[in-house]
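Below you will find the structure I want to go over with you.
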Amino acid sequence: MSVSAAAITVAQAGSDFFRDRSEADCIRDNGAFCAGWVIENADRYVEPTLEHAFLVLVPVALGFAIAFAMAVASHRARWLVPPFIGATGVLYTIPSLAFFFLLLPITGRGNVTAIVALTAYTLQIIYRNIVAGLANVPADAKDAGLGMGMTERQLLWRVEMPLALPEIIAGVRVATVTTVALASLAVFAGAGGLGNEIIAGSAITFRTGIVVAGSLMILMALAFDLLLLAIQRHLGRWRVAGRERAAGAPRLRRLRAPGPERA
Amino acid sequence: MHAREASRDEDPAGAALAVEFRDATKTYPGADAPAVDALTLAVPAGEICVLVGPSGCGKTTAMRMVNRMIEISSGDVLVGGRSVRERSAAELRRHTGYVIQQIGLFPHRTIAENIATVPRLLGWERERTRARVDELIELVGLDPELAGRYPGQLSGGQQQRVGVARALAANPEVMLMDEPFGAVDPINRERLQNEFLRLQAELRKTILFVTHDIDEAIKMGDRIAVLREGGSVAQFATPAELLMTPADDFVEDFVGADRALKRLSLLRVADIDLWRAPLAFAGQATSEVRAKLEGAEVPYALLVDSERRPLGWLSDSDLARDVVPARPNSSPEPVLDLDDVMRDALSDLLQAESQYAPVVDAQRRIAGVLSVEIVSHFLTSEEALTDEHPAAEREFVEP
Amino acid sequence: MTLTLAVLDAFGGAVDFIFSPRPSRGSGPDVGGLGQVGELTLEHLRLSGAAMVLGLALALPVGVYLGHRGRAELLAVGIGNAGRAIPELALIAFLVAFVGVGFVNVTIALVVLAIPPILTNTFVGIRQVDRDAIDAARGVGMSELQIALRIELPLAAPTIIAGVRTSAINVIATAAIAPLAGVVTLGDFIINRNVYGDEGVLAGAILIALLAIAVELVLAAVQTLLTPRGVRVERALAARA
């Protein structure tokens, strides 16, 4: 064996030895972030993270679908708006933890309960944003649309919804971030998610575990937020376009009299 | 422009139709008096009828009854002899051009998509729609490069033109315009008005045009309906009749005390005999020019280029030399067009504090010289008191 | 049908739990009954109230200052966004594992949760006050502080209270898991099922929900009361238009 190869082997063995010692120490002393442990046990976080994402995506998607349907209904029948706001408001007010256990007799423990409660929580945010987005559509665009012969339905889908989309997506962003945070409580409903990594059993003292799970949740929230922000920007690109005006606007040409081309 | 000719033939709906109000009334629930009270009015096909009056006179309400944006309480409105109530509102509107003051372009759609709105609603094929959009963009004087931009990127004047293009897209039988040029500055407004009149001379649509500005009404209208508050007609007449014989005190007050001056809006520069100024070319011997100046109608020589386009007036110091210089001392401004409305031409003259202004044709070639004297002479002449010039039938001098 | 019966049965049991004490499921004193319910409710309110008062005391002046000056918009709005992402369970767990249990510690954690909505809404509300009104006030000779307190604050009140409401909901909800940190709130009924039994759990859920709704209603009333009358009229007219 060459000298360099031997040196590497010794160094490797030495660092292994120290790492084992300090890692065990780290865990025993309940260090804030035992890197070695995290790396070794990274795969135990895969499933809870996926479950957590599931517990976010499903409620947001369901909440969006329901809120959207409500908004379309109340767009024509305006008298529905106050009761809808009221109903979604009540669902929003009830703390998720309480909601889980109110549902328990009906849906039992597990993901379903968590999803129902989390969906209910998103309704108000999304519904309100859709309604506000539709309300902010310029009145002259609507007048012009109707005046050109669009039916009410065509106006809604071709003019009002596209113009309201940026604001709607903004609402979905808020709902998503909030749901990522709330899904940490899903563990109490017997569902999956990263909450299980925090409150294993009933003791919540494993520091590294808390830091890792908490960080993962915050990162997930950030990732979803940025993704939706990109979508929001893309869908509202005509808004950005306005700011590019004035500089380099082409000159108006004199109107040619229409008719056969003159030589 | 074969494409446009073809589309007109394919669309018999493109031929203009007459619009008639028969005792048309609109009363809003809870209001004491009707907003429009038994309006009876017949607008001949192919003419611009201006609805004008003080605010609250119901002119916009009356206009919006034609495409049922406002439902008629009683009475009827007929387009081409058919009651608007018989047709479905959406179908009626797709065949009616609609231009509003705030324009109402769809911010989320490009200019081309905006213009294509009604053709798409009518289910035109993509190729035909695209061709029509390109044609219209050119027709309203916009740079084709703007087609892919969004409304937010255009100026007010440009947006207004898009609004007109959009209304014309499906070759409607009737056009409704509510203060369409109101949102732009006066300079652009004048330009847009002139260009629209030029368009109308070719397209000959039936147009209901709402404005609160009597000067715009006189300039644009073939016929003018002056409405009283409460939406009844005080007078329905040609601009000349309105100015010469107002029906009552209300109309007289509304038209304004300067009726004589307003009549200048009925004339174009091309309508009167212009004076001739001696023309000079660069390099010409000044002795020749000075000879021409003897006894000329206009005591100044105008330097023109080889195409007879005015470059400037020659001053005494210019003429003191041997040859005419290539560059003049003074600018030719204001340069007026043959097509300019006399009122605007006079205004430009006075503003520039200039006694004489060269008048050019469509190719910018000199056609004559206008002076304030000519205008005042004309105003007091017999000719001026009897002539009538319908807004869009005025002839344009061919080169 | 059996599901409905089961549900009704469960809720019946929960209501019973609220009113009548019964032996604990584990070892220990009797549980249930109005006395205990009242005790835990008071503790819940005490904790939430403390957090809200502190949160307001910290966030409101900062929000007013930044909003009035128009500074640090990114920060003020960013904190609002970031606050939403704080996982409630992780927050409490972090507290327990790193700082320690106890009323004061939990209150501090809840204050962290309470601040973002109040800060952001105060900032935004003040920014949205009509610039012309502020100009006029300056022109009349009001000092910056007077403008902030007499013009901006009242006009921004509806938006600010909306933020307080959001804050309160979050705080009350998170106060429910405070028992994990040693503060016995209504959440204890839910978390310690082995002591209170299933009826206790459901009772806890019902009570927390009712408490949240009650606080929300009170704050909504406060919002209406604190909205200057002129603004209220303006809004009513706008809503009708």
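For the reader, a short list of remarks on this structure follows.
Order of writing sets the labels: A, B and C. Residues in every chain begin at 1.
Definition applied: a residue touches a chain if its C-beta (ideal position, glycine included) is under 8 Å from a C-beta of that chain, and two chains touch if they have at least 3 such contacts.
Note that this is a predicted model, so its numbers are computed, not measured.
With steps allowed only between chains in touch, the distance from chain B over to chain C comes to 2. The most central chain, judged by C-alpha centres against the centre of all protein C-alpha atoms, is A.
Ranking all chains by how far their C-alpha centres lie from the centre of chain A, first place goes to B. Between the Cα centres of chain B and chain C there is a gap of 63 Å.
Distance between chain centres (mean CA atoms), chain A to chain C: 22 Å. Centre-to-centre separation between chain A and chain B, using Cα means, comes to 54 Å.
Across the assembly, chain A contributes no residue in contact with two or more other chains. In chain C, no residue touches at least two other chains.
The part of chain A that touches chain B in the complex is made up of residues 138, 140-151, 154, 159, 162-163, 238-239, 241-246, 249-261.
By the touch rule above, chain A contacts chain C in their complex via residues 30, 32, 89-90, 92-102, 104-106, 174, 177-178, 180-182, 184-185, 187-188, 194-195, 198-199, 204-207, 210-211, 213-214, 217-218, 221-222, 225. Residues 1, 4, 67, 69, 90-96, 98, 100, 102-109, 117-118, 121, 138-143, 145-146, 149-155, 157-158, 163, 166-167, 176, 191, 195, 198-199, 201-203, 362, 396 of chain B are the ones that touch chain A when the two sit in their complex. Of all residues in chain C, those touching chain A in their complex are 3, 6-7, 10-11, 81, 84-94, 96-98, 169, 172-173, 176-177, 180, 187, 190-191, 201-202, 204-206, 208-209, 212-213, 216.
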